[in-house]
Amino acid sequence: MDKGRTEAFSDGVLAVAITLLVLDLHVEATEGSLAGQLRRNWPNFAAFLVSFFVIGVIWVNHHGLFTLVTEVDRVLLFENLALLMFVTTLPFTTSTLAKFLPGGGPDARWAVLLYGVSNIGMAVSFTAMLSRIVHHDLLASPVGPGVGRRAVRRFGLGTIAYPIATAAGLLWPPLTLIAIGALALYYTLEQTQLLPGAETS
Amino acid sequence: MDKGRTEAFSDGVLAVAITLLVLDLHVEATEGSLAGQLRRNWPNFAAFLVSFFVIGVIWVNHHGLFTLVTEVDRVLLFENLALLMFVTTLPFTTSTLAKFLPGGGPDARWAVLLYGVSNIGMAVSFTAMLSRIVHHDLLASPVGPGVGRRAVRRFGLGTIAYPIATAAGLLWPPLTLIAIGALALYYTLEQTQLLPGAETS
Amino acid sequence: MDKGRTEAFSDGVLAVAITLLVLDLHVEATEGSLAGQLRRNWPNFAAFLVSFFVIGVIWVNHHGLFTLVTEVDRVLLFENLALLMFVTTLPFTTSTLAKFLPGGGPDARWAVLLYGVSNIGMAVSFTAMLSRIVHHDLLASPVGPGVGRRAVRRFGLGTIAYPIATAAGLLWPPLTLIAIGALALYYTLEQTQLLPGAETS
Amino acid sequence: MDKGRTEAFSDGVLAVAITLLVLDLHVEATEGSLAGQLRRNWPNFAAFLVSFFVIGVIWVNHHGLFTLVTEVDRVLLFENLALLMFVTTLPFTTSTLAKFLPGGGPDARWAVLLYGVSNIGMAVSFTAMLSRIVHHDLLASPVGPGVGRRAVRRFGLGTIAYPIATAAGLLWPPLTLIAIGALALYYTLEQTQLLPGAETS
């Protein structure tokens, strides 16, 4: 199967999900001064920024991943759907985190857990996709088995890093946004390159 | 007419509809503990998962269907619009099912019926598209009439299976999600292939 | 300028607008029986169907219009933006029509007028685009001046028909949906063909 | 990296953001006469028009900018993400402006400031992208250093003009919409052309 429509559909879902994050920002003329509402709603703004960045980085890496292949198979399509499902939950888990973070206590921890599940799910799906591409001959230009295995292992670190970030958030909830933001920052580096240093720019 | 824009528009509608499903997930800081709300809202999460999967499978098969053709005609465009209309109703019928399932009674059955209509409508439109393609010379590589007829008949089973799933749901509403989920699972197999076994992967 | 991105952006806006129509369908577990709500909300369902059909037909004809050209110019881009703006207002004017139709009186007539403005705006923008294409040498295969003029005149009938449909709705509001639906039906015919009868299918 | 998916993702985000603006238009059957509500909500309609125009012009110029390049690099991708983030905030800042403009006082000025930040952010990101393209060899057809520098300087005027428009709005809030609208109008001219006068149409 040609990869074009998979890219188009993924771009669509990522574009809609990243833009729906804005629905969690709102203020009301009837709820006190605007400056006060903006101050009180800081978790919404912080969560918006981090989640926008998270989806943005997912898109950049999705873009990078698909430059490695020329064809997709059914398994990859469904792994991609799983990735998109976790992305789609992000407007919900982001909004939930923003709502329950200020209150602290078990509610804040449940919200951290939900937000963590979205992020862990994305990391696992993405690693599964990279692994499928490397191990099932979907690469546009084949590489040695060692190169592929190292790339999957390097990228797959996220599947360990995200649970750690989530656990840190369970100890101190506001840490979640910092830790997830830092992980997104790490993935802004060219992590989908099979050979680090083989930059395209 | 070229098929490119039809694919792009369909990808857009499917991407928006699948992402709008998330709007039905929400919790409020003012309505009790988060854990309690997540537990109470289980129908919303179950319905989100099933409907996400349903639209995802529709997209995968739509993708498969359009690899069979090189051109589209006006009738196919309008059959495709009908398919997209039923897809577009899914965020509404999913949310309605989630709201009325727990209460049981006639309300739950009406909600099952609505959800069934969305799914039956998709199955009928999709079968009509496959039939149009097979019987009106829109195939990229022509097949014998027997092959086409068998493909339409095999795929068209859904137009019988979805009403049965809906009827089962009328007897016991929670069954709806299980039955529709199972049907989506059936359609993850390569049902748009004209010759079963001629896998692309 | 290449026409590809104009098509992609237009497909995006049309896909989002057509899918947002579903947000106007909703029922609540706390507002009486579901069957009763579905009955009471008939204007929402009728308006959803008509507006879905209207945007669908706009998309089919937009598709047809852009097969006539190979290039777009800045004026065409801005005429296209005007078309998309009127399309974008449709979820609002559709929802307003559905809310105020049952009450009748001046409110229903104002709602008819708003809905009419969306539709008249689309017809005028679309005709302006066709006219720009015909009269400014943007056609992929040039036609005689008489052919172009006739095509614009034939298509431009909508700029008269939509105000008439709106005026009819002012006399009897429910007529609006019937009249606009009938006009959409008229535009399902191949109205963007320069030479009627030169079918592509 | 190929520029195609960057264009597709940007088109998606711009299409969703421009269409979400409509969610800020709404009236209720229970809140007095429709004519009265339409009159009272004039700031919503004015803000919708201006912001639709702003995003539309961003899209037209984004389109123009990407015709200058054949490849994108990682820095450009992230500058583009920053641009899209400011675009995405526009449905929120537009709605906030419409809500707080009529009340005047410090609330209206805070709303003007928020709306200004969205617009200044877009102007700065866009100028950074143009500068990156000109100064890092991403141009499809190279130009002399003087030409590139002049183009960046001419376009970059917006990074001064938007803060001035915002400051004017702080003095008299309704001026914001007029000033931002006028700037958008200025950018409808072919500002992304490296050599003014080298029109494509």
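Letters A, B, C and D mark the chains in the order given here, with residues in each chain numbered from 1 onward.
One rule holds for everything that comes next: contacts are C-beta pairs under 8 Å (C-beta built on N, C-alpha and C of every residue); 3 or more make two chains touch, one makes a residue touch a chain.
Please read all numbers here as calculations on a predicted model, not as lab measurements.
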item: Fitting subunit A to subunit D on CA atoms, where both chains share a sequence, rotation angle to nearest 5 degrees; value: 90
item: Greatest separation from subunit B - chain, by CA centre; value: D
item: Same or different residue numbers at the subunit C/subunit D copy interface, by half rule; value: different
item: Whole-Å gap between the CA centroids of subunit C and subunit D; value: 26
item: Interchain centroid distance [CA atoms averaged], subunit B/subunit D, Å; value: 37
item: Interface hub residues of subunit B, defined as touching at least two other chains; value: 8, 11-12, 15-16, 20, 23
item: Partner subunit C, residues of subunit B touching it in the complex; value: 1-2, 5-6, 8-9, 11-13, 15-17, 20, 23, 73-75, 77-78, 81, 84-85, 88-89, 91-92, 95-96, 99-100, 103, 106-107, 110-111, 114
item: Residue ranges of subunit D in contact with subunit C within the complex; value: 7-8, 11-12, 14-16, 18-23, 25-29, 33-35, 38, 49, 52-53, 56, 59-60, 63-64, 66-67, 188, 190, 199-201
